[in-house]
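Quick heads-up: structures coming right below.
Across the two complexes that follow, chain A remains constant while its partner is chain B and subsequently chain C.
On to the complex of A and B.
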């Protein structure tokens, strides 16, 4: 029963995507309703799975699997199936739940866009791809859907393809994740090789997990395989050094950003880490690399968020940073904490993005300084709380949850990760702690600048501008639901669902205020208050008055030179290689080989053509000479 | 009894005359005649062989060859007439439609 529902959940978004793109391209309203209804149905089905699954858990059954044979090649057999366990359940809830809210929000946000139907078709397809990853039961299937997620994110980031930046960003996202995917497929192939050597022809997770201990893969190769697969995660989940695509991906419509950041694309990487964790567990050195990658990403991205002026980019770097936390948790062998944070993060980050979408909808600008100036002109401090109460209050909740303030959901999940970090190497824990401070600081900056600027009579007041207002019920409702989830999300029994083995009930979800919590809370409060104090009366960038910050500010502005180094490498290495390859192909292959052969044939034909005189007697003469010669050759031996 | 060699020599001479005519004559009608001569040279061989072995098979074959020759001449002459109508000449040098 669960498996049937899982197949249906997987199929529903695909069905709506196909229906919309076949029949509803000219009727946007119906497309929006159908897309949202499809997601809502999938979400309702997923919710109906909860009691069924918990009942099975009580009976000691944790994994359900149904698969169809797909390919047979020698000893290798590939399946296409559905693998359902607690992890799948949690991810299904996140994807379909957040998906439904994003669809609902989009019906208002995208209203009037000429590509409205196409948008919903792509969005449905995106969700389908993500659900495919969540439910896949083998490595190849997960890779296929992995690529489909890449494709559909390309379609959505470049949704406004008439904008050049959107095109470039879409291409960048696609190419950057492709670098990671190359590593991933190499890792899978390497693993397949060792499995084949051990006479395991199946790539199903259960089969691989069962066979792995008996294979005795050398340490070196195991690390290589694990790091290869991890490279795919680095690309998809935007970890350093492949994080560069995520901030650029803000060129897409804001609800898409919310979906990418909260539920689908970047979550895919974390999910994969958790799904095939048994592979990483086999290699301690790979785990160490993973933990450090996560920690460094968390820190670097949080520091980059300090100087951004685009509200969506701040949130984007914040996502990268939070993903770093999750990856770090998984690297520290605490998959549960990672997935827990993924779920909580999905709530408050979707909330923040949709809130940002609501602000952008009202301000027609993404720049926080512009927004602040507008608020100053309109009515100053707390004006927004009156003009757009839902957006403002929910945004505040999202901000507090992101900073990890109790009793909001972000506090519990972040504490779990920090607790894991505190048991590991000290520098890693320090990185995590500094990131808490930085997170609070950039959140404080964003919030103070947009929501709390002082009223200034001198500020130019544009009387013709529309008054700031909320975007209607379809935009407000998702915000409120997500805000509620951000507050109470931590009391969802996520950890109980995730449990893969029977365990005694423990009250670990709430571990009270220990010294760790106080430390992180102090860091967060210090960050937020410092930012609020620094930006409370400010109308221009901090750097212009405090000269010391100019130099590090410049480094951050240029994003630690990642983009420039990549540009340099690409123009210096790849472009040059492409040019040589182009010359090689143009001359060596096309001009000399292909055209050369053609020319030789043609000139040969030209010469031979002259033999055909058209005079029959000449042909007769040739025949006579030929027959005589043949006769002579055959007779000569006899005489 | 004339020995077989004489027949073969006469037939060889006839064949060579025919072959040279075929290759060198410019007039299409004479080319056709040359072919007839070659066919008859072959017929002479058949008859000589038939007489030597006392076997009528050779004679029968000679008749067949005559029939085929008659048919061939009919077609050949028809082609010659058509060619003459088309370009008022039966010179073989001027017939070169197959020139590449």
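On to the complex of A and C.
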């Protein structure tokens, strides 16, 4: 029963995507309703699985699996199937739940866009691809849907394809994640090599997990395999050094950003780490690399968020940073904490992005300074709380949750990760703590600048035609639901669902207020208050008054030079190689051999100089010679 | 008996076209379309009746042709030839709609088109070496005027270059056959007998290794294997869309290599497999980089084709049942894809008369249908799952990994290069502000049908790879001793 429902959940968004693209391209209203209804149905079905699955858990059954053969050749046997356990359940809830809200929000946000139907078709396909990853029962199937996620994000980031920036961002996202995917497929290939040597032709998780201990893969190769697969995660989950695509991906419609950042795509990497953790577990050095990648990403991205002026880019770097936390948790062998934070983060990050969408919808701008100036002109401090109360209060809740302030959901999930880090190497823990401070700081900056600017006495009170206002019930409702989840999310029994083996009942869902919690709270409070104080009365960038910050500010503006180095690698490496190939082609292959041959051939026979007739005769000549020769051979053989 | 008739449907139609007055274009088109459709339907019927359990030749028919010499006109199908027949059936049916858009001397063009179509069926159904060679020559003979007369751009140069290359290739192939005959005697002529009594012709290993290079070089030329590829991009860039679709899509080279060399010279192939794998991998990267540099859309697709052929030969070089299945599957998938790419590029060129990538823009606005097809075909080419190319390349990569891990790693990098040039092309051609809106007011059925058919087939066998692998796998297993 659970498995049948899982197949249906997987199929529903695909069905809506196909129906919309085939029949509803010219009827946007129906497309929006169908897409949202499909997601809602998938979510409802997922919810109905909760009691069924917990009942199974009571009986000691934790994994359900069903599969069909997809491709078989030689010993290789690849399946297409559904693998359902607690992790799948949690991810299904996140994807379909957040998905439904994003769909609902989009019906209002995208209203009037000429590509409205196409938008919902792509969005449904995006969710389908993500669900495919979540339910896949083998590595190749994950890779298949992994690529489809890449495709759908390409189509959605580049949704406004007439805009050059959007196309470039889409291409960059696709290309960057593909670099990671190349590593991933190499890792999988390496694994198949060893599996084949051990006579295992299947790549199903259960088969691989069972075979892995007996294969005795040398430590060196195991590390390479694990790191290869991890490279895929680095790409999709935007870890350093492949994080560069995510901030640019903001060119897509804002609800898409919410979906990418909360439920799909970037979550896929974390999910993969948790799903095939048995592979990473086999290589301690790979785990160490993973933990450090996460830690460094968390820190670098948080620092980059400090200087952004675009509200979506701040949130984007914030996502990269939080993903770093999750990756770090998995690198520290604490998959539960990683997935728990993924779930909580999905709530408050979706909330923040949809809130940002609501703000952008009202302000027609993404720049936080512009927003602040408008608020100053309209009525100053707390004006926005009156004009757009739902957006403002829910945004505040999201901000506090992101900073990890108790008793909001983000507090519990972040504490679990910090606790894991505190037991590991000291520098890594320090990175994690500094990131807490930075997170609070950029949140404080964003919130102070947009929501709390002083009323300027001299502000030219030019009357905007329309006062700021909320975007209607379809936009407000998702915000409220997400805000409630951001507050109470931690009391959802996520950890109980995740349990893969019978366990003693958990004590408290968190460790309460120990010294660690006090330390991190202090860091967060310091960051937020410092930012609030610095930006409370400011009307221009901090750097203009504090000259010491100019140099580091420049480094941050140029994003630690990642983009520049990559441009160099592509134009200096790839394009140069292409130039060499081209020169080689032109001279070695065409000029010296082909044309040379042509000249020789031409000088050989007068006939060939007249191209049109000559060459047909050449052919005729070849055929006559050929046929005669064969007949001759044949007759000679007879005689 | 039906199988013997398969090529003759096209040839008889070609003959009857000669009798139809050229003014009656409607009738010319109808006869051509009917011939292609009937042939394709016949192939479909044969595929449905094909017994996948039987690894031998099926539907075998023989007619004495020169009884005094014992040369029979014999035909039959195994999984390998059936796969190529299906490929040809789909592509010839798709391409014929674009053949109708030829403006000048339509009648002659259609005659050549039908001769070419029949010749390909002849190659894929013949079980006699003599006829195999004759039909193969016939395909070359038909393609030359189709490019030289109806092509565009540097068509004379392109067709001459092609003629010289493939003509020399044919002579080398003849040499190879001659050497084979010298070693093995007249037994090599009857492929069916050869399959029925395995082990009757066993050549010494040294002789095999001596002969194999002749086949590798001649059929390498025909399949545009690096470094023998130079003629292909130029020729296909100048060819009319339907010619490029047929000749670039239906690759007879790998077929002949597997049919002849794998049957008679397995030891020789084994001896040469390592150099072949290296060459194939170099070709993947080299042609990928060359494609990155091209300004003309069709030249880029041409080089892209050379690059992808590298994966085919990598699969062949591994010489395992799984890798050869993957290679044949990729020939099939890549054929459909190449045809789709050249169809899209051909339509674009016909509508705008612009060859270079940067001269296009905003296709997604001016013709969403064509843009979607171009993007879908590009996605298939860069290995997006869901299309048959992914499944076949995956099979090749997995089976090649155990034999040549390093080469396979480089082959994976080739996919990144493919992504780079195709994404750049999509951005320039499809996205941005619309140019040339007026050229695309209505995409006709004749333009839509080929693209839908080809991309639909790619999707079908990408999602359901066993649909075509069920024919390929037993045959690939039987090819190997």
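The working rule: the second predicted complex is superposed on the first by the 582 of 639 C-alpha atoms of A that agree within 3 Å, B and C clash if a C-alpha of one lies under 4 Å from a C-alpha of the other, contacts with A are read in each partner's own complex, and residues count from 1 in each chain.
Simple rule for what comes next: a contact is a pair of C-beta atoms (placed from the backbone, for glycine too) under 8 Å apart; a residue touches a chain by one contact, two chains touch by 3 or more.
These numbers come from a predicted model, not from an experiment.
J.: Of chain B and chain C, which one touches more residues of chain A?
T.: Counted on chain A, the partner with more touching residues turns out to be C.
J.: Figure out whether A:71 sits in contact with chain B (first) or chain C (second), or with both, or with neither.
T.: Second partner only, chain C.
J.: Identify the residues of chain A that lie in both the chain B contact region and the chain C contact region.
T.: 611-612, 615-616
J.: Given the complex with chain B, which residues does chain A contribute to the contact?
T.: Answer in residue numbers: 609-617, 620-621, 624.
J.: Can you list the chain C residues touching chain A in their complex?
T.: Contacts found on chain C: 69-71, 130, 133-134, 137, 140-141, 144-145, 148, 156, 159-161, 163-165, 167-168, 170-171, 174, 177-178, 181, 185-186, 189, 227, 229-231, 286-287, 289-290, 292-293, 320-322, 325-326, 362, 364-365, 379, 383-386, 390-391, 394-395, 397-399, 401-402, 405, 408-409, 412-413, 415-417, 419-420, 423-424, 426-427, 430-434, 465-466, 469, 473.
J.: Taking the complex as given, what residues does chain B use to touch chain A?
T.: Where chain B meets chain A, its residues are 19, 22-24, 31, 92-93, 95-100.
J.: Can you check the complex and tell me which residues of chain A touch chain C?
T.: It is residues 69-76, 140, 143-145, 147-148, 151, 158, 161-162, 164, 167-168, 171, 174-175, 178-179, 182, 185-186, 189-190, 192-193, 196-197, 570, 574-575, 577-582, 584-585, 589-590, 593-594, 597-598, 601, 611-612, 615-616, 618-619, 622-623, 625-627, 629-631, 633-635, 637-638 of chain A that touch chain C.
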